[in-house]
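Questions regarding the structure given below will be posed in turn.
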Amino acid sequence: MHPENKHEKLILKPIHRPTTSDRILWFILGGIFLLGLSAWVRQYVIGLGVTGLNRPVYWGVYITNFVFFIGLAHSGTFISAILRIAGQGWRKPLTRAAEAITLFSLPFGVASILADMGRPERVFNIIFFGRYQSPILWDFTAVGLYFLSSIVFFYLSLLPDIALCRDRLTNAPDWQRRMYEILALGWQGHPEQFHRLEKVLDGMAIFMTMLVVTVHTVVSWMFGMTLQPGWHTALIGPFFLLGAILSGTAAVVIALAILRKVYKLEEVLHIGLFNSIRKLLITFTLGWIYMMIAEHLTIGYGNMKEEMVVLLDKFTGTYATIFWSMALLVFGLPVLILIFKAKNNIGWMVTASILINIGMWLERYIVIIPSEVSPRLLPVMGQGIYLPTATEWLITAAWFAGMFLLYTTFTRFFPIIPIWETAEHLPEIEPEGARVAQTAPTGD
Amino acid sequence: MDNHQAENQTPGNHLTRRDFVKIGATAAAIGAAAMALKPTVGAPAASALSEQVTRPEETLVKTTCALCPSGCGLDVRVVNGRAVKVEGNPLHPLNQGVCCLRAQASLEILYSPERLAHPRIQMGRRGSGDWKEVSWDEALALVVQKLSDLRKNGQAHTLALVHGETRGQMRSLIHRFMQAYGSPNVIGRESLADQVARQAMFLTQGINGLPVYDLNNASYVMCFGGNLLETNRNVIVHLGAVAFMRRGRPQRGKLVSVHPRLNLTGIKADEWVPVRPGTYGALALGMANVIINSKLYDEKFVRDFTFGFEDFTDVNGNLHQGFKNLVLEQYTLERVSKITGAPTETIARLAGEFATNRPAVAIMPNEIAELNSGNSLYTAMAIHALNALVGSIDVQGGVLVQRFPDLEQWPDYTPDDAAVQGLSQPRIDGAGSAQYPLAISIYQNLPDALLSGEPYPLNALMLLNTNPVLDLPQNGRMVAALEKVPFIVSIASTLDATAALADVVLPSATFLEVWGDDFMEGVGYAGVSLRRPVVELVQDNRNPADILLQVAAQLGGSLEQALPWSDYQTLFRQRLSATPLDWEKVESNGFWAEMVYFYAQPGSPAWANIVGRDRLNAPKDGRFDFYSRELAAILSNDTMNDLDCLPHFVLPEALEEVVHEAQEYPFLLISQSLITQTQSWQGTIPTLQECLGLQGNVKWRSWVEINPKAAEALGLHDGDVVWVESHIDRIQATVRVYPGIWPNVVFMPLGMGRHTMTKWGRNAPEQMIVGSNPNRLVDIRSEPLSGQAIIGPARVKIYKA
Amino acid sequence: MDISSLVYAFFNTPGVGGAVILTIFTGACLIYVYLTRWILRGGRK
Amino acid sequence: MRRHRMFIIVSVLLLAATLALAFHPQTAEALPEYSAQTGEPCATCHLSPSGGGPRGPRGQAWVGSGKPGVVPDLVEALSLLGIQLDVDESQYQAPDQPAPEAQPLAVEPAQAGQIHQWLRNYDGN
Amino acid sequence: MPRWGMVIDLDKCFACQSCTAACRMENNTPIAGPDQAILGRAILWNEVLPFLEGEYPLVHATMIPRPCMHCDNPPCTAVCPVRATYKNEEGIVVVDYQRCIGCRMCTVACPYAIRYFNWFPPEWPQALKQHLNPDPEVAPRPKGVVEKCTFCIQRLHRAREKAAAEGRTFQATDYMPACVQTCTGHARYFGDLDDPNSLVSKLSHSPRAFRLLEELGTEPKVYYLKQG
């Protein structure tokens, strides 16, 4: 038997045969993705020279994408794991949407790394000859483990709803029903199963929180562990972590707003949800600007020669426009919008989030490129110039399109709002031996 | 998971030992599977860094470089008949085991894709480019037939041979060929570069040769212009010597570079003295003023072994002003400081240092576009006079005279009447005429002489390893001039701009594939350096000397008699037979040299070979001429005044602040060649293109160096592309803001603007012009008396492209 | 064979890092499989 | 709680499994015995003062003559290399009597062409 | 095993870039070509770096020829995930081109920026291929791998084999990289830093000696002697 949820009909409505608009959307996104894939194959065949990378700017847009996608991946864990531990009941309807962002941005994070590698076919050398002294191995383990754990976490919380779909959606095409059959793993919805599921999800939430913190600090240590001016700072770990959480939460807001509009889930994703997320966003933006000030003040005040070259390049040099527009996009406008305009107004909330995410991509770009352009020993004459080429933009667009593609196809086949978590009451715990339907205590 | 197993789990169902074993086992299995995958997926073959490798056998062949006038001895590592690495010959006295980057990159010349494979004849209109590749016999037959026709109908003098850098016997072979043929027109490129240095030595010291500077033992070296450590004629000797001067001896010598631009010599010198371009003569005379004023000059030497220092009366009683009074009157510190722009205290300090740190050497530049400001003859004389002032002539650490091995005389021959009749005609470039008595050849008069047809039109032109279209664009007049010459033969390795306009192109082999000899210059003692084929001929080319010998043989008549040798190797071996050479040792060491230079004390019998050896009209009394008696003989007409025979300074007209010109063209363009360029290869050398502009980090392009203040005034930034325009033409270049240059002077490298037909990179253009040629902005004229080219600072303006 | 060279060897020798990754991944997979089976066994009684 | 214990066990196992790499001591190479034998610095025979690689003429001659106890000086080395220098040094010493008087300027006028011919055939490259 | 090191006397180095060309010819580093060179992709293992300071006319330029420092505590080998670059027992930092995965973390980690990357497969016009050095250690590197100065390790192997063939023990003075041999100012000294009698170890303690970015603690083994 299954938990009763008054919105069940509403939540299951989006799962239907793909309409023509779905097909067009999938066609476009698929097209962009394949275009990007072909650009990557061309780059693999011809060589990385088709990108704008050169000496000394060895890392560019691909690594920025990698950090950005791993940043996005923090949304799911933050909403579902950390808030679950904190016992915030209001998070329930949006946990799956958030975790879906995590699940579908992580693979493209890893894909960005593969796109950036000179010899992708030798990626298994990391397994055969891995040296744990290299930050790349820490990265590999952390991101891999996080990806694995978030799949399991997502799948476990999806299990009851798949079983519900198996039983309710009788008119779906038989391959889809057979898929539900397999994926449900014979879930009967016994109260004991719900009880054990809750216990496991609680346990994993703790592990996932610890994991998510390590993942993004380890991603930032890929830069922090080098001696490049502007990277080799202790603050780079927390700075990237906070940036990731900020951009993740903003991404969740965008996703929810779109779902709410497209699938008309107004009652389930009510305004109150957005207001509480708004409070979170404000704190994270303030936290982020604190980190920015802390880092740049320390570097500026310290006034070391090679550090100042990078800093002035950001403040007044060639990267000044990007830097100041980034600061405006991530902190300037969103804070004002969130504080004054976004209360009870999802439209403004979404614009703030979009600004934050664009700003965050630029922020990663600004952290990576200027430090590489003026390394310690290259004379001013030899300073690098970096202009990303069409291949790099194409692959970036492809990875984003791929993420949206996965997201939309997922919403087409599985309920995006967790029915069992938001249900009024779950199947009851039966007394020993007897099987009688009774009402179970509502979820904690 | 069967049911009963779940039952006996104790509450709190923690792992049983069996579960733990299962987990361990599966982990090991997966690990093993992964390791099994290793050989298939990207596992490394044994890397060459560690295990034993079999090496092909190799040999070291000794030869001599020809890419710059230094002539270093080279060891070329040859593996399986392929030259793979060039290194310096450790025993060679000039370079002692090292070699510059041009020699290192010379393999990119030997195996250059731009080399011409076979002789070719122009079928269609000149420059149309539809060539027919022919065999050597056919090409030579055509050339011989054309040349013998000229000789038959008494037109022998209408043949001109223009040649670039020549090594060893090649120069005398060319002269003998043309004398035997009957044409006085042998035109070299000296008038662009070192001719004036040779003339200054002849007029003052009476030696018809380039000075040799013994920098190993010098305490004070002052370069007036030029680029001693980058493009001097014997750059490798100077590099080693200055290094020894600095760190090889207990007391460190001082190097001063006087130049409007901070070139490599300036950067590595102990002091850079920026002056306005073309005003080196004024600075030298200003220093002479200070040295004479404060009596720091070498009294004994000046009193006993110089002439014209004091005022003197000549045979018919009229008084002549001497060097001392001229300098004291006209070259006061204030005037010189105003002319050169160097502060008076600097000039005074430099003069004091120069005179008191003996032995001191003042170096005359001998590379292209250095002494070319219209006052070069007297500037060179002024610089060389400084050496005499401090008595540095033929002392340890001073100015030496280069000795050459004694050569077997050419066998004499009876010139036939065509030769005699041709030789009596005047030269077309005006060298040796009343206007240019001292000039050996005036390269830049060639286009105007051809166009005007004065004194007679040319019927045939032979080009040997030179590219006049690139050197002397003269606003398009060179190309127009070539149109007027009915028959042009170009002996060149690549299809350069001039060869493209020729009728017959005979591909010449590179220096690594030919036999040859090289006189050692720059060390004082006599020496011969052997050049030998390192590998078989890579293309169907021939040694230019052999080409001349074969043409002479086929022409017959006095030519066959004058040049009886079958190939160049027998020629130079026979010529060198006069010196006691043990050829077997020469081949194993790669050179023969006296290795020791003996300094002649003034007044000793050997002193006659140091001062006045080659004087023609002036007396050979062993006295250094401040007042050049040779010049007095040449100019001995009533209009001559003392100033004409004394080193003095004439302001280059580019520097005169003519109001109209200064407004419209505010900048002075100077150009200089770089160590990363070679004059004797017209093709493109990729490795050198990628080390091209060191200070500006510029590769494969031309750049224009501008002073930061000037760049600010024009609103230009590093990397902008600008037009550099003079009154005749304009070219494009990238801006390099460079603080080390005189405020209103701009610099562009020479030797650029060459056309390459090779695709040098994956998506490099099929054919391109590498950089732009600054000579296109200059209408090169000739200086009276010496015939030196006036490339000089050219007036230009700069604006964004 | 002191502890410092042991730790140095652990971090520096190629292959060890790979083994660590493999053990972590397979360990995590097995634990998750076990947990999922444990949840599903919940309703059996 | 159960999972943590398992982690500890796995990490201990991993550490124990790695081998210790023994580092063998490094030996220093002795200076070549030639310079000890002749008492000359490297720069006497080798062109690069740090010794090794290419040898100069003195080095070449020393090796040629079977590495005797003393390195020949330059002139002797040259003769060993087959370079005869018959130069009588006295030519280069100056007599101590005063130099000749400067002749007054009495030069016949020169024809331009004659200078050109004379200058043209100079020795050298 | 000797600990190879180099000393460059900036007073005798005249920035003639002969070392740059010799290194390229000895180690087959590819031609970048006009379009790639402008992008800053020219591979010159032994580049001469021009540092310009000052205003006109008081301008001072330091020209630093910069081979790989072959640090004793290299930040580049630490970050390599697959031990494709490592310090061999003689202290030379080499790259194993068959194992490098092209992640380029070592190029970013090196504070001296001496590591180069093959953006495209090496290209020579067909005729030029004949001058390539046949030694297997310097076979042209494939695309997608990092390459760097190896102190001409092929010359070390060749010198060792020659010494063995001649039956005498290999001495530090038998081997010098191509840049040391061709330095026109005789400014480069090379040898075993551990041998107290070798000139390099004496010069490395000269009062004029300094090292680039010494404060980073990478212990570079290329010493410079101050100019002037």
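Worth a mention:
So that you can tell them apart, the chains are marked A, B, C, D and E in the order they are listed, and the count of residues begins at 1 in each.
Operating definition for what follows: contacts are C-beta pairs under 8 Å (C-beta built on N, C-alpha and C of every residue); 3 or more make two chains touch, one makes a residue touch a chain.
Note that this is a predicted model, so its numbers are computed, not measured.
Counting steps between touching chains, the shortest path from chain B to chain E takes 1.
Among the chains, the centre nearest to the mean of all shown protein C-alpha atoms is found for E.
At the far end from chain D, in terms of centres built from Cα atoms, lies A.
For the interfaces A-E and C-E, the C-beta contact count is higher for A-E.
We define each chain's centre as the mean of its Cα atoms; on that basis chain A and chain D are separated by 65 Å.
Computed from the mean C-alpha positions, the centre of chain C lies at a distance of 61 Å from the centre of chain D.
Each chain gets a centre from the mean of its Cα atoms; for chain B and chain D, those two points are 26 Å apart. Those residues of chain A in touch with two or more other chains are numbered 49, 119, 122-123, 125-131, 133-134, 137, 140, 379, 381-382.
Counting only residues that touch two or more partner chains, chain D has 3, 6, 47-48, 53-54.
For chain E, residues touching at least two other chains, in rising order: 36, 50, 52, 81-83, 99, 120, 181, 186. Interface of chain E with chain A (complex): residues 36, 39-41, 49-52, 66, 75, 78-84, 99-105, 107-109, 111-113, 116-121, 143-146, 212-213, 216. Only residues 9, 11-18, 20-22, 24-26, 31-38, 42, 44, 48, 50, 52, 54-57, 59, 61, 63, 88, 94, 96-99, 120, 123, 125-137, 139, 153, 157-158, 161, 178, 181-187, 227-228 of chain E touch chain B when the two sit together in their complex.
Residues 126-134, 137, 140-141, 144-145, 148-149, 152, 156, 159, 185-197, 200 of chain A are the ones touching chain C in the complex. Touching chain E in their complex are the following residues of chain A: 46-49, 52-59, 113, 116-120, 122-123, 125-126, 128-131, 133-137, 140, 222, 225-228, 372, 375-382, 384-385. Within the complex formed with chain D, the residues of chain B that make contact are 14-15, 20, 23, 69, 71, 88, 90-91, 93, 96-97, 165-168, 171-172, 175, 198-199, 202, 208-210, 304-305, 307, 312-315, 320, 402, 404, 407, 431-434, 436-440, 518-519, 521, 580, 582, 585, 589, 592-596, 598-607, 614, 616-619, 621-623, 627, 629-630, 632-634, 636-637.
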